[in-house]
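Written below as structure tokens is the structure these notes are about.
Chains: A, B and C, in written order; residue numbering restarts at 1 for each.
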């Protein structure tokens, strides 16, 4: 039986020793997390300091912005974090949405600026697509039962309105194959598409009007539909669209006044004003975390007030490497003139190719594996093999995908070395397994009971997938795709392998042009020993790349959080 | 057929069991009364669904053994039995929902209007359009109430007045008065019982001949359950209803015919509900009904 | 009621279904084509390479030098091995400790901050880690008196290690979270402390998952290209056993960086160019097998607890 001395055992010395060991272990584990995070954070601070050179500013400049910007925003942020979490989320979203909008607007402005797509082409494409969609809808209304026929219409209508009969792309591909096997190219009469006919029109409205019609109205229309559904009032939706168009019509006055041009104003309103407006309306109506709306006001007010005061007192701002000139000019031998514009454009175009190539195939593969694939028998074995293979491909080094791109696209089918399209396809192959795996996870999260209900109604597999599974899985699929595309923007090794040039002076304006890309340019600068490059231009490039990635990942996380809350 | 003794109870048996085996699961404490008005004889009705020597396997395990039964038209047929006895499996064989499970294999014959549904020329999609289904847990889609009811019409491309069919189906499902002002609202805002009635409305909107119900009230509270039970009796005027249930009183209250499955996927007795609950042929069925658990 | 209502479907529906099914199936097959493409296309050039260079000489040669036509893969292999070992020494203990903290000690609130933060680490492009190593870490380490060259193995390997920490920690944490709470409760029930539960119950129960995360992280380190291409220079060196530590101060060239160098070289012979594919194929086979092993092990632990 226990002696009094023993009784102390569980509360006394040994207990203290083991508790000490436990605390030490917990602290060691916490330190491990800390080491990983803090070391990278310190490095990020270093590179940001190099890029922005905050110490080159007057101390007064720092003091002013510390008082007008840092203290109020930090104060509100801490208040939200400690006391009002929903407001914190509203603050995060209302600040983040315009930033994402700016990114979108800037991307589209660049696309229009380099004339990758002109406003007229955008307009023609929109009209042609609308006509095609109209044909499909009308056909569905008059012949609801003819499913196969509708599939035919779905394929044929866009061909006629958008691509022409036969499509130019098909002729070009055919001629490519013919020239490869040594036959003369074919050419002949073709029926031009509606899109091409619009492009032939001799007179065209001003660019900003075309952008209103072909960008603002579709975006505002989609948002207006959302508003109408949420408020259960069609008039509110129409009023929203009307207001949006009215705001964009200020373009000829407001654009030049702000120095962003009429088109810039239209794009800014469309992407930076409309989505936050819808979000704010929802917040106000739900009356949930309304205080969070103060955060962007504090932020913007702080910046403006700070700017005014700094000018008033004549404090010098920091002489950053990362400035407007850096973002808008091409690489130069003199560090002061070196810029990042062509790589930014190249990365945007790369992103378009990557998303366009990996998203449809990846989502299609995920749908097959989750919704269609048999689990048993010989074909079940094959599916299992495909799944294992996808898991393994996700871990294959990116440099190997670069080699695949080199061997396949450049050496086997003679695409131009270092072109945007080649880089995009190689990186697209790289993220394909990641897109598939994340889309599979999103599809798997849709409850089986919904599938059963639909099957029980006599829905076919495709109907179940399209009308029940996909609508619920789309946010998850989008999150995974954005994260994957974010990874694609930072990939460098595949671009080296497909021969992307170190520095490209001119921004590409077609997909077969030489590809400049942000990480590729950073790699090129890294081998330069000049301190102005190494601790200046290089750092500015790194910070630009990281900011773009941060915004993309932030968007993905925002979508994921909203989606998880709804489930 | 013995349906003269309409209000005979099973109280004697239940008393005897409660002393003998207090741990047995479905302990029938109160008397099971058979609803007199709803009772018909099976002989008067046409057979809609008939199974002959039906065996079902999941991989190596046999889930159903040589099932023979005939389900009469425009009546409520109940399937009862302990968990894992294969009653749900049988239900899912009727509209070939088991096709969705790869390892499931069906042998024997199961006819719908005289046609074997496992013939090669039968299309399971088309079959399910004739035989609707309601599930254990209410499973409305995360769409509006209106879109839920109209879902079957759209997947089947039915050329009908959608508004009228939605209204009629919701009325038949005794839900119209509760939701007519909020058809555009999400179906997920409804209560569990309302959701289940919505699922019934969704199933009858496409005008099937047979409605299969897999324990439709097991996830609901007593009031919602009684509403669903009333609804099932009304539906039997127009549709053939096959219902799987755990609840023996429910089977006794609403069904005309009852099939008792026991462990191992065996159909032990299939007869008029009155007969099953008052005077079953098999001792095992009697033991099960009285709570001795065959 | 006639039976044809259940034997025929509305016109074209079945055909449309079949078309969609085939299109989706083709998408799923794309992944197989990628694998076959990698193997086939890389093998084609690799075979040409091996007809010109004796495979034995390739595998046992102690010098890799393009301009002199020396294609010994050993120095590249030891370079890769060196990076992998150092980065593993950094990442595996830190990653597992971080996983223990996240899975056993962190409050929900803490976890909701730390996990996304680690995710962001994983999202930083590797070329940026390379810049960190070259521009900031090497000068920092020199402060401590380490005789580092501008391009050196140590700082690059440290950055590779930090880069793979999130992978180790998140996969290990998944494995630890999959350990059923009943096991933990059983241990607490006999008076174990949190420390004893973590080290004596959770880690042993999750060991196969942790191990699988190790393999995957090592395969990542082996295949890492940009950090080593930026910060480790372009001279291949066989491991020098006379002065083991000196290997860390000097630059070196692993397989991946060699591929980048060959591809970027101004004038390279046909055989030299093809050697890139031989190295690439070797790399692919190594990492593919490691991933296969890792996924196998991971699948086994998932089966155990599901």
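Brief remarks on what is shown
Here is the rule we use: a contact is a pair of C-beta atoms (placed from the backbone, for glycine too) under 8 Å apart; a residue touches a chain by one contact, two chains touch by 3 or more.
Here the structure is a predicted model, which is why all the values come from computation and not from measurement.
Among the chain pairings, A-C comes first (most C-beta pairs in contact). In terms of Cα centroid distance from the overall Cα mean, chain A ranks first. In this assembly, the chain whose C-alpha centre lies farthest from chain B is C.
A straight line joining the Cα centres of chain A and chain B is 49 Å long. Averaged C-alpha coordinates put the centre of chain B at 54 Å from the centre of chain C. Centroids built from CA atoms put chain C at 25 Å from chain A.
Residue positions of chain A with contacts to 2 or more other chains are 145, 147, 460.
Those residues of chain C in touch with two or more other chains are numbered 10, 13. Residues of chain B in contact with two or more other chains: 125-127, 129-130, 156-157. By the touch criterion stated above, chain B contacts chain C in their complex at residues 112-115, 117, 119, 121-123, 125-127, 129-130, 156-157, 209. Per the touch definition, chain C reaches chain A in the complex via residues 10-13, 15-17, 19-21, 23-32, 34-35, 37-38, 41-42, 44-45, 93-95, 97-98, 100-102, 104-105, 114, 116-121, 123-128, 130-132, 134-137, 162, 165-166, 169, 191, 193-196, 198-199, 216, 219-220, 222-226, 229-230, 256, 259-260, 263-264, 276-277, 280, 283-284, 287-288, 290-292, 294-295. The residues of chain C lying in touch with chain B in their complex are 1-3, 5-10, 13-14. Chain A contributes residues 144-145, 147, 229, 232, 374-377, 380, 447, 449-450, 452-460, 463, 467-468, 471-472 to its touches with chain B in the complex.
Interface of chain A with chain C (complex): residues 10, 18-19, 21-22, 25-26, 28-33, 35-37, 39-40, 43, 46-47, 145-151, 360-365, 367-369, 372-373, 383, 385-386, 388-401, 403-404, 406-408, 411-412, 429, 432-433, 436, 460-462, 483, 486-487, 489-493, 496-497, 499, 519, 522-523, 526, 534-535, 538-539, 542, 545-546, 549-550, 553, 557.
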